[in-house]
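Presented sequentially are two complexes of chain A, the first with chain B as partner and the second with chain C.
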Partner chain A sequence: MNVITDSTDLGRDEALLWAILFRFESLAVEQYAGLVPALLTPEKQTLVALLRTRPHGDEELAGTQLEAPLAELMRSVTSRDEARVLIGQGLFLELIGEAIYRSFSQNAAASEPTRKLCALGAAASGRARTLVPALLRTRIGEGAVLLQAIMTEAAPLLRSLDDLGDGIDAMFLDRFGLSFADLMGDVAAELIAVCLDLGIDRRKFVAFLTSALMGI
Partner chain B sequence: MNALLIGGSGYLGGLVAAGLLSDTDSLIIAPIRGAHTRESVLAPIREELRCEGLADRIDFERILTVPLPDSDDWSALDALVERYAIEQIVHCAGSVDYFNVALLHEANIVLTGRLLDLARRHAMQRFVFLSTAFSSGYIDRPVREELHFGEGSDPTEYTKTKRYAESLVAASGVPYLIVRPSIVIGDSRDGRYSGKAYGLYQFWTAFERLLTDRYRDVLHLISPRVQLHLVHQNAFKNALVAACRYLPLDSIVNLTSRIDGLPTARRLTQQFCESVARPQQIFFYNKLADVRAEITDRRMRMLLDFTAVNSEISSHAWRFDNTALRTLRARGLQFADATLETVLTCQNRFVAKSPRIQAYLTKNADLFAAHPGTIEIGVA
Partner chain C sequence: MDTVTTLPGLRPQPEQEAIEKLMGLAIFGEKVAAKIYLLLAELKGDFAPLLKKFARMEANHGAWFLDASRSNGIEPDRAFADNELNYLVAQVDEHFKKKDFDALIIVQGFIVESLAIATYESFLPIAHKYAGTFGVFARALEEERYHVDWVVRYLRLRYFDAVDEFRTLAERVNVQGIDCIGGTMMNISEYLDKIGMSGAYCAGAMMDGYTRLLETVGFEQKDATKHVVGMFMPLIRKYRRGEKTK
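Here is the complex of A and B:
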């Protein structure tokens, strides 16, 4: 399926969205290939191949409120360490990506190419979501051990994610109704559910999310 | 007495630096991490002193910023101690990450141990340690100004590590002063605050971020009818300086406001709702477990979740012995106790500086309730 052929006139807001997703997904593929090949699924590879048929969006991002925090976010998950990639990219960014994809795949304000792309993205991230818990369990552990690893590895990501909030609201709230708080609400609910299944204390995990997302 | 100030780039460390600059003639050596610069560290200190009308009289060359050495190479600090004739360490650094055991251990225990070693090596005259009023954990009697022994029930891992660090300080052989502030909030006079979203600010920030997207005529809030132990930043700063000056060596001081004037968490929440959120109705709960399962508003749920641990801590009826503070008051300490009115000053400042809340107030003014109705869920 080629969803990109009629996407040349996406408009600035959607081109910006694609630029962000391109960065998320390119880094994912690169890091998964080296460290967590189980997450380099056919769905993910198809998605990235589609995203790569468009320009990378440097122009759309340049000078926006999102440019600096997005670069910082990418830096925070770029690693040669398996645990950091698995937690930062495999758990957190895949859930964030899935929430964004789901929101746009059903968003009437988005163009048809964007909705189709996001449906593919949601499927790819959804596939990762089903694989990640078992990988976390076998590679890192469960319960308190996993919580400690998450607190260590994901804190930089969450701090930089927090800095993206105002930019996301400024770029996407009016036209698409996507707010950072709603997005993080979806992500937090999923994260809590995944972590509870992995034996993590809910109270402690929520306290961690709170401090990280409140800029503490 | 020249001081090595650890944690000077932080909120409380900056207040301490301002206090030492304004009230002593000490030279202050402040090691800072690579992410900070001299100017980034000095800026809030200058601002604090400017607000006090003192900046013009302060020689900021009295504070020297130096790179914080790697944890395995403290010889640079030894050299600084010798070079600047440092006679005391003021240790304000630490982690408040409630459950990050590894980080808490490193920041609150290991670092404190290293600094105590440094103080011992140089036979320093005093080690000032910034702890917390809640280092006892949950106990059913007033928190005395003495070391806490035994493993009580702790609200968080944070309190446990602070308690342990206090015991390290006391056992080190270095003369010490342990300062235990409760929840620090803005200045009692104008509400200025440069700390992160701790304590009461966490609730205000959670409201700002989560509940200003639209007007909600019903709010669900956890808010026990128990005094919230707040201490204003100006009271904290003045008391710490006074404690350094007047308390004997090996003292512990609880820095908490007079309980008879302190508002309850419930009253503070009501104050916020009556002047900012303005719902028609509030469901008040005493703990998260009482919250109705059928609340489907995800943002409301997130606020309840995000404030749950602090709500739980504040539901304990904390009582504090304030003997040392009474001594300091008798010596002339200006200690502004937190009251409903002074907290309102801080709240008003927070609200005034929040574009989101300002937009919420403007956009929803027609919907606001004059006086929200309240419904109590669960037994206090």
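Here is the complex of A and C:
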């Protein structure tokens, strides 16, 4: 915790980023605690403790382009079902989070507190990335069985991502150079690598991703 | 394979319109491909005989598809094809004017062929609906793969130990090329669905096929995926909102 300098005077864009991350990570901790305790790692707990040092950020989010799509995305992964949490939160959102954290942790336009927060976040999501494949394999399976589960559980999440994209571009592209298209490129690259390791047919997985993102 | 054929008069109107647009694009797209290989032959005399052979093969594909269309009561929609292909032709002319052989070979050998391969592959399982199409599309698919095989070998050798240079070239060419051909993929998606194929699957197959081609010339897998998905995302998002992709 002491590696973080004062985060009380963040600019509006960064305060918004912290508010978004707070929501993502609070939901992750809540769902992992109930359904997938293996993902409630010390790294994740440290990250959430840090995010909690700031107010929740409702006022930063209110009325922004991100407010409604973020709420929809959170709804799409909120579940009492282990498979949905493991796939939606543990696989997809952790990889999306890791891509965001990596981008901001090395971003010269971001403040030092944000860069340090994001370095911790990248470590926490990176840790999850190492744990999730084995959990998917043991709890759901591999290959075609796992692909079917991913197609069922992740489709709502992917469909809700598009609306979030506009907000991300509007809020973060000019100042931080973070674009939704680049972010999705990062996420897809990691997802495909994980899925290949789990015996999923690459073409079928890419076709699913494309289909879900096209809204079909 | 060609055992079940729907007579043109009995084909539902949305399917009839869709297959006319798709066949139009396939036929006139093959003609454009033939033109591109001829332009490439002009730019590199060493490869001219082979590239002219490729051009003849592409022209043959167009002729086969036209015959198969006519015998199935399908009138290829030239206006639709021209509208889709004009942007490509403009890019091709620009690369040719600059005598940029490598840019042109990426546009044709990677981007255009990726669209053709993804859609022809996906067409074969439903080709029995249109008498005589299975054989010609299967043969065209085999020949497109043969062309791509040569293009990959050329680029691997040309950029052997110069992957960064290839990357710079690919990024430059892809921005326009994917916008154009990927845009066409999105624009035909609904027509593919109407004839019983999956537009989304074809789009995914094109992205995956193109990513693999970049990998064969030296991109790391994750790097290639990131690059291709990053370029397709704006097109995918436009499609989702019902906006024109070009």
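Of note:
Definition applied: the second predicted complex is superposed on the first by the 212 of 216 C-alpha atoms of A that agree within 3 Å, B and C clash if a C-alpha of one lies under 4 Å from a C-alpha of the other, contacts with A are read in each partner's own complex, and residues count from 1 in each chain.
In this text, a residue touches a chain if its C-beta (ideal position, glycine included) is under 8 Å from a C-beta of that chain, and two chains touch if they have at least 3 such contacts.
The shown structure was predicted, so the numbers you read here are calculated from the model rather than taken from an experiment.
In this superposed model built on chain A, chain B and chain C take up the same space, so to speak, and clash. After overlaying the two complexes on the shared chain, residue contacts for A:62 are found with neither chain B nor chain C.
Once chain A of one complex is fitted onto chain A of the other, the partner contacts of A:148 are limited to chain B, with no touch recorded for chain C.
By the touch criterion defined above, A:188 lies against chain B and chain C together after alignment on the C-alpha atoms of chain A. When the shared chain is aligned, chain B and chain C each come close enough to touch A:211. In the superposed pair of complexes, A:203 makes contact with chain B and with chain C alike.
Common to the chain B and chain C interfaces on chain A are residues 165, 181-182, 184-186, 188-189, 203, 206-211, 213-216. Contact residues of chain A toward chain C in the complex are 162, 165, 180-182, 184-186, 188-190, 192-193, 202-203, 206-211, 213-216.
Within the complex formed with chain A, the chain B residues making contact are 96-103, 156, 196-198, 202, 205-206, 209-210, 213, 298-299, 301-302, 305-309. Interface of chain C with chain A (complex): residues 186, 189, 198-201, 203-205, 207-208, 211, 221-223, 225-234, 236-237, 239-240.
Every residue of chain A that touches chain B in the complex is listed here, in rising order: 144, 147-148, 151-152, 155, 165, 179, 181-182, 184-186, 188-189, 201, 203-204, 206-211, 213-216.
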